[in-house]
């Protein structure tokens, strides 16, 4: 159960600002399916437009990283932030972009390893090596 | 300041179990530099060997993901877990493996975006779409 | 499913220490409804009394912040800590204290934005400006 | 030490896209001081513009929440996400917007209390009460 | 619903590498029950073996800490990291190792208190006392 | 640098409410040293008294867990919550209560392992086994 209403397609149709974003989501993804996240975000049309615009640009625009790599980074952050919804939606998105079972397994292993060494470094309060400093 | 002693090279030399791991770190990385994390881990030689072995296998072994992609996933998790030491050490490692400024900038933007939508999905308590279910 | 028993009203009635706290919760909130959190906390009557006393004082006592503002801060922390139960209960509490949809939408947007910049500042390891120092 | 270069005013002046954002930051805040966060963000001018635009709109635009309340929510999230930089910068910003010592003390107490009950609810795995469900 | 397939006993039987680990889990725990975590981990047999081997050694091997104390530390971390699955499985494991209701209640209270003071120290950005420094 | 003033002994002496708590801290710990956390908390005397009272009772009162075990649980939570100050202060406290290097090393290894499996369970979104349910 959400803390806000999830908009139905009929409700979306009745609100031009929300409909414009949903139309763009559908056109960009070449799919009629719009997931619950956007149906919850629809309660704040201006914010919906801003977040979708940002996501479209960062995840889908031209860039130096492969779209699948971007999705895997997204899964990594979502796991560390413990967002069940996001782990599910971005794992599905990565699979749709071609992530193999082997790639998923490696991603998961790296996330677990990083979490382990993150906690070890924190428990031991390791000071940062001078060698890691960026020279301005 | 760490919560444990950071081992000097002389101390490492005097402990065969620790020396074996440090020798392998140096050989694997083709560099004499061993960063503080391992000098703190040296206080528990069996754990040191286990964590290094795991890291060597997951980050350096053959696999479906490019070594640079692995480092970027590591940075993403370390940032979300807020481990300053790890952000520094793995950003340096990724640069050593060829990460460009443009790739770093995209990585950073994705991490920020994912964190934003993670928090939005949590604040709104969005229920997981059936479409995301894995069919066993 | 909880990791402890959730006390029924009959069980509460039979334990004077727990009953005293539940009576105070009902009197303070002017409502018969006592939510599951307190029914789980009832397993440790002394801790129940301590946590309730603290919450009553901090959230309900006289102070410099409006009670609704206090609830919104509570939601913000609960979201960042990813406590589903707490996001639900305090969003309901904030609505009961008059939070409008517009206020909720702004709160959610700020939480998302703060999470984004939190992660950006961590990824970039931005050093704290001298201008932010408190002069003792 | 940051993981990226922090841009000096001279470097900002030499890049029109970055200069435009810095000019807007200075004009919006009616102050010449631009803090390190933006100097690190300057390495990715498009992202800099996007994040600043979003922050300006959410934190400074017209809305249902008082600007000081917005800053306090920001501090709450930054504390729970453990971003030292952000705690410092937004505590300073809140003070500049009139936050009194008493208001700060209450904010801090609420953050601590929420964190405590967040962890208690998680440790006990309290199920969400039906009463908290949103009716669509 | 998981993001990967959960292996049935029949599937485990058909894969020698996975079967070897499951056999060891059953022999070590003196129980036929193998919980879902391992059924999900089975998708990556090498990683399954590595994580189980590590867990068996750290949680079950000889050492300076009582096995029940180890489980309680595990619950504490799992709560702070907000892993519902892990809170459930390790609370059950601790009870199976003899954790009393009183011990559980104290554990829960300490977790809540630590979270509170963690957030207070972060909100106030308390500098580390020199007295806490480790002398190398 | 803190976000609040750290009270000197002279300032403490001049405020009876704060002095009473500091006197109790010194008497309880049988030491003149009062660490920075309490000097920052002194800015809100009522909150100072409440948090100290709670800590004294939970960490120092009679109970089912050994005081050293309580400190180690505290360190585990503080590490997972990434509170540098708290990791330092409670590691020092645990050592003062007799924590050996071997116990510390085991604690650290468990924290790292738990973090790893926490993240793995989250990445795989493992459903909770029915066997872990508490029967009310």
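Some points to look at:
Each chain gets a letter, A, B, C, D, E and F, in the order it is written, and its residues are counted from 1.
Everything that follows uses one rule, which is that a contact is a pair of C-beta atoms (placed from the backbone, for glycine too) under 8 Å apart; a residue touches a chain by one contact, two chains touch by 3 or more.
Bear in mind that the values here come from a model prediction, so they are computed numbers and not experimental data.
Comparing the CA-atom centres of all chains against that of chain A, the greatest distance is found for F.
For chain C, the chain whose average C-alpha position is most distant is B.
Between the Cα centres of chain A and chain F there is a gap of 34 Å.
Separation between the centroids of chain A and chain E, computed from CA atoms only, is 27 Å.
Averaged Cα coordinates give chain A a centre that lies 21 Å from the centre of chain B. Multi-chain contact residues of chain F (touching two or more other chains): 1-4, 6, 51, 54, 77, 79-84, 87-88, 91, 107-109, 111-120, 122-125, 128, 132.
If the chains shown are joined wherever they touch, the resulting network links each chain directly to all the rest.
On the side of chain C, the complex with chain B involves touching residues 75, 79-80, 82, 84, 87-88, 107-108, 111-120, 122-125. Chain E contributes residues 1, 3-4, 43-44, 47, 51, 77, 81-83 to its touches with chain A in the complex.
On the chain C side of its complex with chain D, the touching residues are 1-4, 6, 33, 35-37, 40-41, 51, 54-55, 58-59, 63-65, 69-70, 72-74, 76-81, 83-86, 88-92, 100, 102-103, 106-107, 109-111, 113-129, 131-132.
Residues of chain A touching chain E in their complex: 82, 87-88, 91, 101, 104-105, 108-109, 112, 119. The part of chain B that touches chain E in the complex is made up of residues 1-6, 50, 54, 57, 128, 132-134, 136.
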